[in-house]
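What follows is a single structure, written as structure tokens, with notes after it.
Think of it as A, B, C, D, E, F, G and H in the order they're written, each chain with its own count starting at 1.
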Amino acid sequence: MVGELAGNYSTVVLMFAFGIVAMAPALVISRMISPRKRSNPVKFLPMECGQVPSGEGRTHFMMQYYPYILMFVVFDVMAIFLYAWGSALLEIPKIATLPMMGFLAIMFGAMAFALYQSGRRRIW
Amino acid sequence: MLKDLVTPENANVFVGKLGDILEKAIDKPLGYAINWGRIWSLWPVHIETACCSVEFGAASSPRYDVERFGIIEAFGSLRQCDLVVVQGTITRKMAPRLRLVYDQMPEPKYVIAMGACAITGGLYFDSYNVLPGIDGVIPVDVYVPGCPPRPETLIQGCMLLQEKIKRMKARKFV
Amino acid sequence: MTSELVDFTLVSVALLGIGIYGLAVKRNFIRMLFAVEIIINAANLNIVAFGRFLPHSGGQTMALFSIAIAAAEVAVGLSLIIVAYRMYQNVDIADFRSLKG
Amino acid sequence: MSVIAPNFKLSEFIKSLLDNVFWIIFIVVLIGIPAIMMILFVIEMPVIDGELLTPFLALTWIADPSRILPIVKAFMATDIFRVMAFPGFGFAALLAAGTIFIERKMLAKLQLRVGPFYCGKFEGILQLMGDGLKLISKEIIIPAKADKPIFWAAPVLFVAAAAAFVAFIPVAPGWVVADVDMGLLGVFAVIGFFPIITILSAWSANSKFPFIGGIRALFQMVSFEIPLILSLLGVVMLTGSLNLSEIAASQSSFPWIVFLPVGAIVFFITMLAELERIPFDLPEAESEIVAGWLTELSGMMYGLVQLGTYLKLYAFAALFVVVFLGGWNGPMVVPPFPAEILEKGIELGPVTANIPGLPLFTQDMLNGTLWFVLKTVGVIFFILLPRGVFPRIRVDMLLSLGWTKLIGLAFVNIFIALGLLYAGVLGPGGLQ
Amino acid sequence: MADAAFLALAVITIGSAIAALELRSLIYGSIALMGTLGGIAGFFFLLDAPFVALFQLAVYVGSIAVLILFTVMLVKRELIFKKIEDKRRKFAGIGLMLVIMVSLGAVFLDSGIKTITTDEPATDFRDIGTDFVTYYWPALILMGLLLAGSVTGALVLAKREDVENDQRAS
Amino acid sequence: MSTETENPSADAKPEIKTPPAKPAANKPEPTPVELPAFEKSISDKIVEKFGDKVEVAFVKEDRVRINVDKENVHDVAEFIRDGLNYDHVESVSGVDYPQDNEIEVVYHIGSYTDSSLARQILVLATRAPRETNPIPGNDATRLPTLRDVFYSVEFHEREVFEMFGVFFEGHPDNRRLLLPEDWADLPPLRKDFAIKGR
Amino acid sequence: MTFNLPPGLALQKVDERIMTLNVGPQHPGSGHMRIIVQIDGDYIVACDPDPGYVHRGEEKMAEYRNYITNIPHLERPVIHDSCNVLYPYVLGAEELLGIEVPERAKYVRVIASELNRCIYIMYWLAIYGIFLGHSTMFMWPAGDRELLIDLMEKMTGARVTHAHFVPGGVRNDLPPNFEDVCLRQVNYFEKRIKEYAAVFYDNPILISRTRDTGILSRQDAIRYGTTGSVLRASGVDYDLRVKEPYDVYDELDVHTNVMKEGDSYARSRIPWLDMMESCNIIRQALQKMPKSGSVRVKLKPNPKTKGLESVYKRVESGRGSLGCYIVSDAKTEPYRVKLSVPSFRNLIALPNLLKGEKLGNMPSVYWSLNYWPVEADR
Amino acid sequence: MGTATGIIRALNSGIKHIATKRFTLRYPEEKLKFVGDGYQFDPSTGVGIAGLKGRHMLFHDHCTGCQLCSIACEGVAEAIAMVKVPEEQKQNKKSIMPQIDYGKCVFCGLCVDACPFYALYMTNDYELSSFSKEGLIYTPAQLQVKPYVAQDSEIQISDRGATHG
């Protein structure tokens, strides 16, 4: 039957939902029983070490490490591809490892280049 | 009937009153529990104002170890703290910052004035740049005298503060 | 109503439509990327659905490849956006006409 | 905020209140009770052990408590119980709470001091409760320009994601919330949620330090996810399964750490990084960026994030145990339950001690749980220990560590596994 | 079981797809896009393809969404909330969408696939792995080349070439 | 160091003629109190170079004090650095003399590189005119900065500026340092700034 | 400094990339000061220290107090190094008042000063540990420091603010049996600080974090006029206890620790070596000290100086050479007291060292400068 | 390999310390032992007697009301104020005695040094925290009380580390 496997996974969703259902009340209860005082608008300013904050809080060009995120996207795919291969490894002929090695070699090349690029700090 | 009773304007009243009733019912036990929690979990904000911070550090050192009382030193952000230990002199440059730090902390919050400088200005009673005590800046709960106070005195001050919290109403503000 | 192939295809068609709408209407580069993602996902859904209902393991394999390609595409696309944004300080597609990067 | 009605009169208010009470009672009596009756009438009550579960059965339980057992047993078999209590949330939260307490005490001992001591009379055992009560009664400050929905949701989602992670962990044979074929992949999918929650929470606070911390957390988690994924591949290759229960069961004779120590080390280090534990706690490095992405979280929000963090810690430690240390496998130490004990209880001279809960559990399950918990606590100890011994690493060092050394080691591990497999040491023709 | 889940997923997926395009804030748009991707993953579960589903979750939600969020956060705050589009195009777009949806939907509903359903067991995920390295191995190598090319290209693109290049642009 | 000898002053040569490079008995430390001969040679070199422009206030053991006019202080400082091997300023202190209507700025100059000078402190004092109603930065209380000679005076001079109102011309960064941002009173270390109750 | 700014700075749009962070005054990594850093991504492109949060006007107030009542005041800038910070003032006042100090008092002073140096360094080390995220390294030094504090407390009756040195000697004699206790605890203390090597100084993470960060070359160290451990970590052999011995240091065998590297690691290691040296000195002094004798010259209640005179005295404190410039006129109060404090002198190096560093290096570089904000502000 | 051995050494050192004795002084139960009864000053020799500089103690029968302590403190913290006391103390002609405000006092002991009549001592009492500023002002009558002392913990050094016994 189509969709029978999905039942197994529903417990994960159930657990996730339970996490939300169990924890949201904690915030609500906390909001209910905690004292609140909004006397001073200063209170709601972003915290900046006892200084009245200046400037935009959300601008931060941390570009130095941006290549790592780019690499992550690609190599994540690679890693999970490897799982498809690795979990079936016991059943496939040994010769079939070669394409995977070729794939890995290509990826190693790419990774070496990417690491070299990301190591050069001047260009980011 | 219900409809014209609960208008948007007075809905808050109802909610508030309902809260009050609820509070009455569970006030005693809940208040006690909350106070108990607050007593044993005083997290001081990390604001060093002057040299008393040395002895504040000593109070959390292995020899005196304020963590026995649930006080964790060197806490990161002020948003999670509930105790200001004013560690000494408040200069005119520092005072607004101290006030800001105090303001930005979430309720309930407590203040311990540590050291002669924080209480009255101490040695610097006639200095041109030092405030005579911090009462004018933030309300103080416990005074811990000394210059600097011995860690024992500070711990005693913390115990006094615990006593004070025990007697406080759990919900001071609505 | 039980789950049938046609249900999945219909959902996929809806997503495709939405994606095409987004591509046609939006001029924000990032939004257009969103639209492309939606279209790719619609296609994946179809691939997997057909693979399931006309049993063939190739469907899932195709989907895996498709997702991987999408990942590569997004990486390049976002790099493009960054370059373009750095040049024009904007994400409006109209500004990118002279983009040569 | 609260708008008090301008012409507010107490008498009117009381009158209206009384009216309300009257109406509520009226409506409940007129509609509610029949409705409940009808629902009871319509809904089919489950049959357990050949007995129909009716409300009247409760009366017999009062007379004979042991008759409740089948029902409890049936309840324990449901998903709800698993999610809420035993292998799921309750168990994990209990262990997480224990972890926090142990961490504080152990760190204190390492640092030659006492740690929490006075709270709860005995060695500060209730310290955590105190902290929790305090946090829950603490004001929650939402920064003025914060993105409120995300800001509120992030801590809750963090706990929920951690809980979803816990769902994959098999504690004892058959005791797992989600017994799925691809548990390991599921774990990776769930881990992928944490960076998103972190960065969203950091962004929504609209403050500088959280944003820097969030971006750091993002870089860190994202960079270490790949060595994490790769380091587990060796085990998967050798077992040929992604099911965590099967992986655990496959180690009945020896744990995989014997053959794949490199993978275990890589996994341990990446685990520390994913958990933001001390050598890698850059996102919360207090001497640089205050408290990182937690800076603006106050009160219970902070508490929830802490809870989520420690749930995650438990889940990672458990994953380590399951994958590398053989999960629940261990010598049988729990004595078998003879039938007469189950039925009659233990005879201790004149008295007969009935062990009430015992029939609910099997020997296997108790033994497995025991070993599992022991191993997990051991791993948790080693997760906690670096906090006392190492300083914090720097972010560029961290990233280069993850991307060069650890990925390299992970591949070494993969090739070791491949070699073992093809040399016939392990796998179909080998030891297993 | 599958039906309720199917409906819910359909609503989530399509709703959040619309939201992803129409929400004012790009951040919320990204979150909604994550909803769409997750919904698709749910469909994959329903189609007994958990491997693909989890791959989708890990890759799309776990990494692509992160990358998108990160990029969106780099963009100036005003731009995150700015909507650039005009009315005419919008109506044309809606029209186009409807035409496509109706025509394709009609085609599908009218064709023979309407009745297709299956009782065969789902494909084991190990078959996929086997396929990968046996039947599809050229594709795998190609995929490797593609991924390598993309990461190289992306890095080369995203780096700030040199100073004067940037100055010319500004 | 000896390059300066080609400019002999009109005065009689100083009678103590120690070899300038390596004075006796200063390397091994425990030597007991000796006559401040070495110190005298330092002051003599300065006097030799600048003649009347400098005034040697005292020569004590390890300490030589020289008073200079504000016009010459820069040159003297340069000579002290290049000719005498002193390389850093330990402290810059202002002293207010209301009766003289002057503010004295005292540089304590020491040397790390020259081990024979290790225990020496050369005190270079100069005076700036003082105003009764100072407008820090905009009045006649000015001195040339020594920052280009001795980099280490940077923060010290900033401090003297805010504590005494002595403006150092040519100092790149004459901002407030220690006092609160909104300080509007007299510079506090002047004698006419009375602290409360005294 | 041979660092080139990231090329982004050359652009006109730099302001977008650059974020200004206020580090302090309420910041776990700043102490009582504010450092305004501008960061471009992970790199600090500019840094502006903003001290003065503890400026209490000690120098002004010293003009209103007589030579004795100044004592509690002048030790407040560095209360955990209070003997050393008072030392130059006391020496100067003795010279101005023309007092000869008894021999035993000199030895007591040396012991107190060395103990205090260790106490200071231990606190410094504790904070350095916490700045690097090493909580154990906060706790151990903070705890072991108490061993010496205990000694000082026996000796002077206060934990940190001793007010022990006075012009004319020390306030009170050593308590009975002090020598034995002192030897025992100092020996144990030395054993303890050797333990730190494994967990801290030889820890590979610490080494990789602090090596080659914030390098202060020899020339720069001299040019900025830095002092103390900062100077000696840059390869300049300069210790006032050797170069310009005061009190009885010329009778003791003092060894100067010098390191060549000039990076944060060297700057953090030198104080540790100094502590061992201090232990040695204490042992020597305990041995050589006259077993009995007067420790304080009796003074008139309000001593006066002779006339307009000035002295400049220096001692080697825990942070480096600490000078005190006293101008006196014939009054009971000094005319002007100026403390030339090492923290203030080392502060000059901070903006230069931080420029171009990574943000993660900020705490380690900052605190390795041996900076105590209260002292710098006075 | 240097890295690995370093890490192992650090871990080893950490684990070793788990077995070391705790250094903590459990303060409210245990209290430190000090030298003597507190800081005193012998006006005849001009040298103090070692002891803790804690709360002051005033001997009413020695105090003559000469104000010297107050004058000494003026330069320090202005903590001492001379107040009228009921005229029971025959020694004190002016019937004024010092009253000390511990919110200001810095425990320097200079007032003890200044008292020529051996009337002002310091004691081992340091538990002075209070809820209010007024509670910190100690009148002559309060200063007369000798504090109760039960202080007996000292640092003990053994093979397994230092403890407080």
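To be clear about the criterion, a residue touches a chain if its C-beta (ideal position, glycine included) is under 8 Å from a C-beta of that chain, and two chains touch if they have at least 3 such contacts.
Please read these numbers as outputs of a predicted model, since none were measured by experiment.
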Problem set entry | Between chain D and chain F, the fewest steps along chains that touch one another | 2
Exercise. Quick check: more C-beta contact pairs in A-G or A-E?
Worked result: A-E
Problem set entry | Separation of mean Cα positions, chain E and chain C [Å, integer] | 5
Problem set entry | Rounded Å distance between chain B and chain F, as computed from the means of their C-alpha atoms | 50
Exercise. When the centre of a chain is set as the mean of its C-alpha atoms, what distance in Å lies between chain B and chain E?
Worked result: 51
Seminar exercise, completed: The distance between the C-alpha centres of chain C and chain D, rounded to whole Å, is 35
Seminar exercise, completed: Among all residues of chain E, those touching at least two other chains are 2, 6, 46-48, 50-51, 55, 58-59, 62-64, 66-67, 70, 73-74, 76, 117-118, 122, 125-128, 132, 143, 147, 149-151, 154-155, 158, 160, 166, 170
For this session: Identify all positions of chain C at which a residue touches two or more other chains, and write them in rising order.
Result: 3, 52-53, 64, 67-68, 71-72, 74-75, 78-79, 82, 89
Seminar exercise, completed: Among all residues of chain D, those touching at least two other chains are 1, 110-114, 117, 135-141, 180-181, 185-186, 188, 203, 208-209, 212, 215, 218, 222, 225, 240, 242, 286, 290, 295-296, 299, 388-390, 395-396
Seminar exercise, completed: In the complex, chain B touches chain H at residues 62-65, 68, 116, 119-123, 125, 133, 135, 141-147, 149-157, 159-160, 164
Seminar exercise, completed: Per the touch rule above, chain D residues touching chain G in the complex are 107, 110-113, 208-209, 212, 278-279, 281-282, 285-290, 387-397
Exercise. If you look only at chain A, which of its residues touch chain C in the complex?
Worked result: 2-3, 66, 70, 73-74, 76-77, 81, 84
Seminar exercise, completed: So, in the complex, the side of chain B touching chain G is made of residues 45-51, 53-55, 57-58, 60-63, 74-76, 78, 88-89, 91, 93-94, 97, 101, 123-124, 126-130, 147-148, 150
Problem set entry | Residues of chain A that touch chain E when the two form their complex | 1-7, 9-10, 56, 58-59, 61, 63, 66-67, 69-78, 80-81, 83-89, 91-93, 96-97, 99-100, 102-104, 106-107, 109-111, 113-114, 117-118, 123-124
